[in-house]
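Paired with chain B in one complex and with chain C in the other, chain A is shared by the two complexes that follow.
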Partner chain A sequence: MADAPSVAIISLASDFGCQVQITNIDPGLLQVLGLIDLRYWQLTSSGHMPEEYDVAVIEGAVTTDEHIELLRRVRETASVVVAIGSCAVTGGIPALAGTIDADCRFAAVYGEDATVTPGLHSPVAISRYIDVDYIVPGCPIDTTEFLAVLGRALKGLSNGMPEQPLCASCKTHGNECFMRRGDLCLGIITRSGCDAKCTTLGRPCTGCRGLAPDANLEAARKVYAAFGHDFDEVVTALDLYNTDREVCR
Partner chain B sequence: MAELAIEHIARIEGHGNIAVKVEEGRVLEVRMDVVEPARFFEAMVVGRRYDDAPLITSRICGICSPNHALTSIKAVEAALGVEVTERTTMLRKLLVYGSFLQNHATHLYVLAAPDFVGLDSVFPLAATHPEVVERALKIKSLGNRLTALVGGRPVHPVTAVVGGFTSEPKALDLASIHDQLLEVANDVLATVDLFASFALPDFASAGDMLALVESDDYAIYGGDIESLDRGWRRPVAEYRDVIVETSAGEGHGNAKHSRTTADGRTFMVGALPRINLSGDRLVPNAKAALARLGLVLPSRNPFHMNLCQAVELVDAAEHCAGYIERVIDMGGSSKPATVELGRECWGAGATEAPRGTLYHSYGIDANGIITSGDVITPTAQNLANLEADMRAFAPTVADRSPKEFELLIEQLVRSYDPCLSCSVH
Partner chain C sequence: MFFRMIDKDRLPDLVRGLAAEFEVVGPVAKGDSFVYAELEGPGDLRLDFDSTLLPPKEWFMPPRERIMRFATADNEVVDCEVDAPPRVLFGVHPCDVNGLQLMDNVFLGDRPDPYYKARRENTLIVGVNCQPSDTCFCNAWGTDETHWGFDIFLSDLGPDYFVSVRSVKGAELIDRHVESREITHQDTRRFQEVTARFKASFPEPLDTSQLPLLLDAKFDSPVWDELGERCLSCGACSMVCPTCYCFDVKDVLDPDHAGGERVRVWDSCMFRDFAAVAHGANFRESRSSRVKYRYYHKQWGYLSKFERVLCVGCGRCTRACLAGINPPEVIAALQGAMSREEVAAE
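For the complex of A and B:
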């Protein structure tokens, strides 16, 4: 397998959920692994970070000086960087910590006397520090979409991410609209591509895939208002995965 | 002199360093440092609505996410006084067992087994012993299918909410999973045999052992907290009184250590304490597997954790099949119960996660806004005991070759199946 592209799977601050999804590729994890030269994956193997690899798959948000340094090294080494999961793509749920004052955060978890650890930052998306070539959004990633994007990355094709909001795909499932039932749903501004998983299972969308590039935020604001949701409520809901409004679309 | 220092120990969940130094039988240094950055989940939930708690805190761990989601839901329900139906409880137990099947299969085959066959990872086994890898994937993917069927997806369930489920599996799909659970019987038994064939060090941990216990079932979703050594039994709402959490101390990173309040001892949680405390409530096949292993209960050997996880796989498959039969027969609804706000309240919840007892608790105000949050993960409870074990175990194997010494210490660490990202939350 001399010319199989070499891949390193790297994780920053995360809950490992997206890496677990990679192990969940089913059937065929082993076949997929046969097509690439997997050089590094701390979760599954003893072994050190290699000097060279073609593709870096990165999970997790950036929260420490160490992460920033690692990212810079990765960007110099890898010709392709793939960000996987909300944490890496938008900052995700870890970034919610950034909405709380640092002193309060430490006090709530480590007691009143705790001091803020040096070198620790509010969690942000990796594109805040390095160029990202491909994204696989979602919390967690969908394995099929991950394989599709990885395949496109290996072939040098475009990312192929849908740019429209979720509503159209939700409607094809014949779901009753949550907004009409009085619930706040972020589907009208969230990037589609998840096949409206949550709404079809009876839960309003919480926006894990980030904002849809095609979403009309001004219009959405009016729609939310018309359905009786004040702006604060929408902002609180949006903060769950998308505190960083610039990177999340 | 035996010495080792490993940065980012592999095949555990999360990032950790270990350091051990033994000189002429004296332990000079033993450390298990968690190098995960602090994540502040307890602070993050404050100010959010009560129903955001499960969504946010389940992102503490994508590996046992069904447990975090359900434990959080239980804590919110306890606070708000929400009662759920038996059907909801049954479906939730299926989610917990789904998490057991996923996690134990991964830990045993992908993380632990390579140590015993002299490999760095499980991947080379795919070429030499494809049937072993296939078996691992079969059990794990059954766990995934069960979790996805009940929860909507294998990681971070969608359907489980405060009060019940937003969507239910179809009876036909339940019946099909039921058959698959019965079919996996040989594979889970073969897992027990595989781990029984590995030579394990003889070692006894000095700590206590805690787990949830129920009088009429193998406790995974409810029950009271019980101590193996002291015999006390306390309701989950009192978990803060029976466990003290302290900062792990200088150089240990952002993790916490736990001790029992009663006697200040370190303690273990997980499959071994569970079987020690509830072994007589395992299904008959699992009991038979235990007997075949010749495990004398209670066992204090942390290396037996792997064996106990294997026995729990046998138990999970059969227990789930039984629960599914009941769900299909029982009728009733799992539609989310209505929630009444209007008073300040606090509540705690616990479940047995694959790695041990998991606690969540929240304070909620009259508008349903969270005012405080607390989470104690299994690994946070185990870390102090693991360090104590490393300290006691290292001198007994200090005369081995450096490579063997390192392997044995790593085996001990992996037996605990630590989840370091969970330990810093």
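For the complex of A and C:
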């Protein structure tokens, strides 16, 4: 495996769900392990980060000074950085913390005298601090898409992320439209590529993949209003994964 | 063509008989809508359907299909078999029969598409008449009826079906699987009456007079800008369209990178990357140009080649587009639209 690219899988603030998803790659996981030299996987190891690696796969949002320092080191070391999951790609659910007064929240949870982790930040996507070469959005990541993007990263191809919203993909499954049934669905502005799993299983899109780069937000705003969803309702739904609108695009 | 009469209560015999030889696909209920799906039994078949969420094209060109497998070591094709089981599409409205014929012009022309062709050859079409819904405008194009493109066609006369038999295979199906009788003059009269009532039940047809000329004259109309501002660029219109045939081809590597598959997936000219080429150039960067060329292709470009417009008035895009962009609206807007010069002069 001397020529195999070395990979480190690193986690910041998250529930480790995307790393768990990687273990769900069956049977492809063992095959992809044959292509790489996996030097570090935070979920499966108590050891320390290696000094050298070619590809860094990073899950989780940035929440502390320590994270920022780690990211800078990773960027200097790795030739390729892959952000996986909505926490790392858009800030995801952790970034919701930035929409309220954090100090009051800590006091409510831990009591007035609790010492909070030093250097704590409002959670943000990793691209707020370092350049990211490849993204695998979603909450959690789709295993097939992760393998595809990792494969493209190993071969130096483009990310291959779709730019359009979800609707076309949803239509190919012969789904009824949630919007037509009166439900709020974020599919009209959310990045495609998930194969419309949620809407096909009967749940409206909650926007976990971030805003579609080619979404027409002005038009969508009018469509939502025309279908009886006021702007606050849309914003609240969108905030679940996409509080950082700039990063989300 | 010849004709037979089938009593309605005999129809399940036909479905059951076909199921012994074919995969039988027909309209079935899904929520408040209908989709084409393989029938479990005659009871699933809902010939009272208004339309289906997806048109029949999915049974000839699936949304995602593997067109070959390849090995990376020697760069060889290892498998390119077409999955084309013997199938009957049972219950296709005239608009959609026409839609398949418009697809045929593209896929069965000078260089036939082997995947589409194999499925077309292995699929029998059982047409069925319909009632116009509030989104139908097939009468504008004359696609509210069809004379070819099916094996048999069922016209509902109340207690029985007036059956048009178009092909030898269709004749065999009727012969083998269902009790039928010869038509009488009275049956023909009843068929004509049902047809007349159907035609009369449409609202005024869309005014499509001089449409290609209109498009030429309104190429620079501000209407296209306004449509571009409204368009969500979601591509829903293309997916549900029985005549949109554009596809993308992608290579997907296996996890071990030793091989992979080449897949064909439905594409849409509403997507920004549809007309993107190497070095980032894009012929259809703006949304308005994408909407415009969708309409120019359907009502002008295809027409210039095949002498028919690439639309059958099924109304699926009208129902799918949340922004309210659809052929009747666009054509009406163009007819009323001013040119850029007129707008400037005001």
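Definition applied: the second predicted complex is superposed on the first by the 241 of 249 C-alpha atoms of A that agree within 3 Å, B and C clash if a C-alpha of one lies under 4 Å from a C-alpha of the other, contacts with A are read in each partner's own complex, and residues count from 1 in each chain.
Keep this in mind: a residue touches a chain if its C-beta (ideal position, glycine included) is under 8 Å from a C-beta of that chain, and two chains touch if they have at least 3 such contacts.
Source: prediction; values computed, not measured.
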{"item": "Room on chain A for both chain B and chain C (clash or fit)", "value": "fit"}
{"item": "Touched partner set for A:Val20, first chain B, second chain C, both or neither", "value": "first"}
{"item": "First (chain B), second (chain C), both or neither touched by A:Gly182", "value": "neither"}
{"item": "Vertex chain A angle, Cα centres of chain C and chain B, expressed to the nearest 10 degrees", "value": "110"}
{"item": "Which of chain B and chain C A:Leu35 touches, first, second, both or neither", "value": "second"}
{"item": "Which superposed partner A:Leu147 touches (first chain B, second chain C, both, neither)", "value": "second"}
{"item": "Partner chain in contact with A:Thr236 - chain B first, chain C second, else both or neither", "value": "first"}
{"item": "Touched partner set for A:Asn216, first chain B, second chain C, both or neither", "value": "second"}
{"item": "Partner chain in contact with A:Leu201 - chain B first, chain C second, else both or neither", "value": "first"}
{"item": "Distance of closest approach, chain C and chain B, by C-alpha atoms in Å", "value": "12"}
{"item": "Touching both chain B and chain C, residues of chain A", "value": "29"}
{"item": "Touching residues on chain A, where the partner in the complex is chain C", "value": "25, 28-29, 31-32, 34-35, 147-148, 151, 154-155, 162-168, 170-177, 179-181, 187-189, 213-216, 218-220, 222-223, 226-227"}
{"item": "Chain B residues within the chain A interface of the complex", "value": "8, 10-11, 13-15, 36-44, 46, 48, 52, 55-56, 59-63, 65, 106, 110-111, 114, 120-123, 126, 133, 137, 140-141, 144, 152-156, 158-159, 161, 166-167, 247, 254, 373, 421, 425"}
{"item": "Touch list for chain A against partner chain B, complex", "value": "13-21, 23-24, 26-27, 29-30, 33, 38, 42-47, 63-64, 67, 92-94, 96-97, 100, 104-106, 108-111, 117, 120, 139-140, 197-198, 201-203, 206, 236, 240"}
{"item": "Contacting residues of chain C [partner chain A, same complex]", "value": "30-33, 35, 52-54, 58, 63-64, 229-236, 238-240, 252-257, 266, 268, 270-273, 287, 319-320, 322-323"}
